[in-house]
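Chain lettering (A, B, C and D) follows the sequence in which the chains are written, and residue indices restart at 1 in each chain.
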Amino acid sequence: MKNRAWSQFCENRWAVAGLIILGIIHAAALFADFLAPYSFSNEERTYSYAPPSKIHFRDEQGSLVPPFVYGAEIKFDEYRRRIYQDKADEKYPLSFFVQGDKYKILGLVPTTIHLFGVKEPGRIYLWGADSRGRDLFSRLLHGARISLSIGILGVAISFSIGLLVGGIAGYYGGKTDDIIMRICEMFMMFPGFYLLLALRAVVPPNFNSIQVYLAIVVILSFIGWASLARVIRGMCLSLREREFVLAAKTMGLSDLRIIIRHILPHTLSYSLIAVMLSIPGYILAESSLSLIGLGIQDPYASWGNLLAEAMGIVQIKFAPWILLPGFFIFITVMCFNVVGDALRDVLDPKTSQ
Amino acid sequence: MLRYILRRLLTILPILLVMSLLTFILMQKTSGSFYDTLKLNPQISPETIERYIKLYQLDKPLLVQYFSWLTNLFHFEFGYSFFYNIPVADVIGGRLWNTFVLSLASLILTWGVAIPLGIYAALHRNKITDRLIQFTSYIALASPTFFVAMLLLYFASQSGILPLGGMHSANYDGMNIIEKFFDVLRHVAIPATALSISSIGALQRIMRGNMLEVLGQQYILTARAKGLPENRVIYSHALRNAINPLVTILGYEFAGLLSGAALLEIICSWPGLGALMLTAVQSKDIYLVMASFLLSGFLLIIGNLLADVLLARLDPRIRYEK
Amino acid sequence: MAPTPLTPKVLLVALAFLFFFLTPAHAKPSYGGSIVLTSTSDPKSFNDITAKETSTREVTSHIFEGLTTMNAVTLQVEPALAERWEVSEDGHTWTFYLRPGVKWNDGEPFTADDVVFTFNDLIYNDDIASSSRDIFTIEDKTFKVEKVDDLTVRFTLPVKFAPFLRAMSQAILPKHKLAKAVAEKKFNFTWGLDTPPSEIVGTGAFKLSSYRPGERFVLVRNPLYWKRSKEGDALPYLDRIVYLIVQNLDTAMLKFLDGEVDYIGLRGMEYPLIKPNERKGNFTVYDAGPDFGSSFVVFNQNTGVNPKTQKPFVDPVKSKWFLDINFRRAVAHAIDKNKMMEILMNGFGYPQDSDMSKSAGVFYNPNVEKYDYDLLKAKKILADAGYIDRNGDGWIEDPEEHTVEFNFSTNSGNNERVQIASIIRHDLQSLGMKVNFLSLEFNTLVTKLNSTFDWDAIVLGLTGGIEPHFGKNVWHSTGGLHMWYPMQKTPATDWEKRIDEIFIQGVQELDENKRKVLYDEFQVIVSQQLPLIYTVLNSDLYAIRNRFGNLKPTSYAGPFHNMEEIYINK
Amino acid sequence: MQIKNLAVSVNSKKIVDDVSLTVEERSIFALVGGSGSGKSTTGLAVLRLLAPGLEIKSGEAIFGGRDLLKIGAEELRQVRGKEIAMVFQEPLYAFNPVLTVGQQIEEVFTAHTDFLGEKRLEETLRLLDIVGIKDPLRVHKSYPHQLSGGMRQRAMIAQAVALKPRLIIADEPTSSLDVTLQARVMELFLKLRDEFDLSVLLITHDLGVVQHMADHVAVMNNGKIVESGSSGEVLKNPKHQYTRELLSYVS
């Protein structure tokens, strides 16, 4: 049965492509320190809004040489537009496994080796630089860590709450169910975005960046659990009439155990689909918080606060590369949706025959 | 039916009460208050701020404030806005209509586009057109509203066809009713489109899914076996069954659209509730926030109720008498 | 890489000035037409007395006038509703002779009763919450305002008050319209946004014609306006001023480029977007010089104890650093003003060294202590004062081996300020300080500054002006805005004591030259003691269509302070 | 009607293979088989009502001198409901839940005749009466879920015979009903055959039913007809192993 679902899933080429892209992005986020030439806070202000570095494979004479980048110099034209000019006499060869900013591999092993980079004072900007000359490529990778983990952590928390609360309401029914459902309805009645803002104000102001990050995750899940609880409750209401629940009851298992071990597993396929389809919501919510400056705080990068920096006509016109975070949000959200839909086609008994 | 509606409305009252109390505590107990902002003006003394605080009874205990607000509520007074020094109802009033116009336009656009697209896609399942529609839907689903709005505005400024934000032209008051209608229509085009894009993607997919499910039902086979023309099979048998479940979604959208578009409203200078609420929440204009939250909750309930009633009318299997 | 030279900007200023003198010479004033402007938010009321913020003043400044006005070009006080005035020998009694024949825009005559009403019944009314009251209260004493005859008003001050004439630009409101509301104790909620425009009555050049919440408000010519131009034309020239409410600056910019709006205030970043369109869009970009206002880093030097918990507001370990002048000096050397101006303002900025803006005229003192950006120097100052990395962890420790670690905040929403704070944070980090940066909602930040005092370091800005005394709440040690240690009973340090003295003397000194000496000293003290460590100021850039004549944009009052004189070139 | 060498496949796997049979005028022909034997598919294939994915590979279905598998869509539509009607197993699902029974029966007239509203109503009520419904007016106004199973099946049959078709394909018309109802519905079929001069292609797994009613029987297994003949002959003297198995479940 499981295998059949899997092979059916693999027939959907879009979904497979989506899964692969998600895999790559998550892996890149995991090894961000190593893949990125710089840390997220490494800034070089003379390279403000530097465009993506051109990597040269041929020298002036046109002969093939190891890849290198030129040093650059910023000039302002009559309209004060930034113009970057290569300095012909400054060449920095691109090398692999180079020394750079300190970090710990997977948070454990301290090292300074990066996949690629150029010697100081040269800078390599694969995807250009932001206003303060920080490497967008590096910040995107580090931002992926935060944005993706917000999605996953947030969903994990809200689903734990939603499953448990929904399970309890559905299993007991009656008064308990009534009260829990009224509470859920109340949560759903709050206008989400503004509740998010109001709750954001509850976060104690002396939290440091990591604590703020966790607080944002908690707030997002706090808002998201109610609708899931409702659906789970509906499923549990019918599940509790089934024989295996009666069987479990006659064996004298505790109610909580019955809910967790015997009822909730049956909602698994629905939950899996819902997880896939709700992760994008968390990523987008963080980005709208960032847009009004209340998301992840500088110098830490998230796709949201990176995109917030790009939300201006001036930036889009003169430094279009800083829109890349938007593109990544876009791709990720799309992949989660495609994979989620494909899962539904495969797992949901209503659509698969 | 009437009894059902009444009962629903009655159970909702306590929820609204708890909700308003929570909002009140949330607004009051978190750090910062409206008058803090004034404290940063070198020319305003603490005594003046005291005076404002007395004026709005902010020095009274929390519960006293809440209950005085609550009693006023029964006289349909929602308190005064700190920001505007006028009753909250007057602040919200006009903007509610504007938001409603935007929501309605976007609702019509969303449903007008998504439903036919969904039907078309379901009838051409797995053909190239269907795949194209599905792909576009995924793109639409992943596009943040505010970003779409900005792009649309930029294109509008390049082409000069549509006005750049706002809701009325300068000479609006001198227009006749038809010109007025088209004037607002031109203004609403960009924000409504931006607001609709991702919902079109979502709704189209739901519609397609429902349609496919319905097309696999036996009564469709019966209808075909009766020799009904294909049009009739689809539009009078399949469509009605496929669209019914969407009515519930309509109920949610009805309320959601009224409050969910602050960033869009700011970008498009749409004089709606969203932008107002955003500043109200951020600057802790308590009574304005409470009124807006209550309104939004109330609308959600009404929306759901309407959806349920409508569903009962559309689907003879559903009855609420008990 | 060499720092970018600022020459192009100097050239630009010169060009702007050239323009300024060339245009009015040829065009002849003509009547009619309208100007379309944008405002970032709705006015909050039309009531100038209870108004709490600037977006309201944007409307009311066209509708109401005071007895005096400030000439935004010369920065001198000029007559407005008062034709002339006298001051007694002792400087305590001022007599104002009102301009005869002035009418409210509903046709009623303007008299001394209105002036007395505005002060005695509105500003000094205990039931009314108004910020104006604070300006006209000195040492808890109010002014005595009496009517001498229909066109003469006498003010008796408890003490000498140097900024008195500047303060008299306070808007005068009509008694015949508002007396009833005051009597019924409803004034706080009068003239709100729900009032019909015709009810809002002033003496100014324009009157309110319509208001559509969230969209626009329109002002039209007041035909009864008293003022004449030099040529004897009845002012104003323009028929209408339309303000579109556009919250998003990008949208406003698109509207300007599209021709829908006649003026837009620019930030340096937007210059490259707007400037190339000058010819096509038929407008000119003016650079009016440095902005008023300030932007600074402040450290918490509060040594007070929380009366509830009996704990100090600031951790004594941190307090020691923040009170250390060497620590603050090192930070001052770590402020990369040039790069801030280049990155955030495209070069359209000014380094700020003193509380008074360069644009403030007489009271600006250029000879204060300046701190160049030099991280090595900063490091050395820290090392000399005993802050060095003692355990090799990369962070510096104070002599008692405490790692220098503190929170650093600013308000979210102001993107430029957040960027400034981030740049400073980065440089402090490279000095070895462990800095946790956090942008907070404005209200939250202010609560910390004003009531809970639980903060370490903050980047903030204040609005400024020409008159140094109006900053008393910041500088006097009893002031609520004396942020680094507010509301002190007695000054904590000698230099704070000296500043207190200067502010008390300064306000009573009527001789402008002597006042300047005092306030110059104050600026020097601040630059040496660094309670506020200043950063950079924006240039005020205005893009205005060329069809308007008689434009005199200034940084003090913006491009349209003389709206009544502005006309459309025919 | 004559089916010749019909083959239907899904994903190139044949689920109906080389099926040929002939339904004589005014006779009842039973197509018998276990579930998954391809009997229902055969029935649906005749009117080209197969679900997407199922494909008719070869064969003919001659009816009234035409090959139903080849004629144009509009001509086919004219045959459906008018000349050949279908009755399905579970009338609750076979009726559209959001339309009244009456509306759905009247649709047949709308699709194939130019009867006006009144005439349609009159005809419908008459049909409901014929199939033995006591309160035609109420049933006409009822939604499917408001009727009992037997009533629904009668209504379904009424819908099928509305235009006096020459052939009814009845796919397990009784298996969702209880035993007493089964017998009544079957009697109804016999009555209608006599009254309307129609033939029936009865698709069922229940040989008991076949015994009572059918003139001819064909037994299907794994998409193929394994045995056919007159019903008496086949049931009394089954030749094929599979037929014997089926028979052993009866009695």
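Quick note on the criterion: a residue touches a chain if its C-beta (ideal position, glycine included) is under 8 Å from a C-beta of that chain, and two chains touch if they have at least 3 such contacts.
If you're wondering where the values come from, they're calculated on a predicted model, not measured in any experiment.
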item	value
Most distant chain from subunit C, judged by the mean position of its C-alpha atoms	D
Best-connected chain pair, where connection means C-beta pairs in contact	B-C
Centrality ranking, top chain (CA atoms only)	B
Distance from the mean Cα position of subunit D to that of subunit C, given in whole angstrom	88
Centroid distance [mean C-alpha coordinates] between subunit C and subunit A, Å	42
Geometric centre distance via CA averages, subunit B-subunit A, whole Å	27
Whole-Å gap separating subunit A and subunit D, where each centre is the average of the chain's CA atoms	57
Touching two or more other chains - residue numbers and ranges from subunit C	250, 254, 413, 441, 443-445, 448
Junction residues of subunit D - those touching two or more other chains	none
Overlap residues in subunit B, where contacts from two or more other chains coincide	31-32, 150, 154, 216, 282
Contacting chain pairs - touch in the sense defined above	A-B, A-C, B-C, B-D
Of all residues in subunit A, those that touch subunit B in their complex	14, 182, 185-186, 188-194, 197-199, 201-202, 204-205, 280, 284, 287-288, 291-292, 311, 313, 326, 329-331, 333-334, 337-338, 341, 350-351, 353
Interface residues, subunit D side, partner subunit B - complex	44, 47, 49, 51-52, 77-82, 85-86, 88, 90, 93-100, 107-108, 111-112, 143, 145-146, 159
Parts of subunit B lying in touch with subunit C, wherever the complex brings them together	31-34, 36-48, 51-52, 55, 80, 83-87, 90-91, 94-95, 98, 150, 153-154, 157, 160, 164-168, 170, 173, 266-272, 275-276, 279, 282-284
In the complex with subunit A, residue positions of subunit B that touch it	11, 14-16, 18-19, 22-23, 26-27, 30-32, 135, 138-139, 141-144, 146-147, 150, 154, 205, 209, 212-213, 216, 259-260, 262-263, 277-278, 281-282, 289, 292-293, 296-297, 300-301
In the complex with subunit C, residue positions of subunit A that touch it	41, 43, 45-46, 48, 73-76, 78-81, 131-132, 200-201, 205-209, 212, 292-294, 297-299, 312-314, 317-318
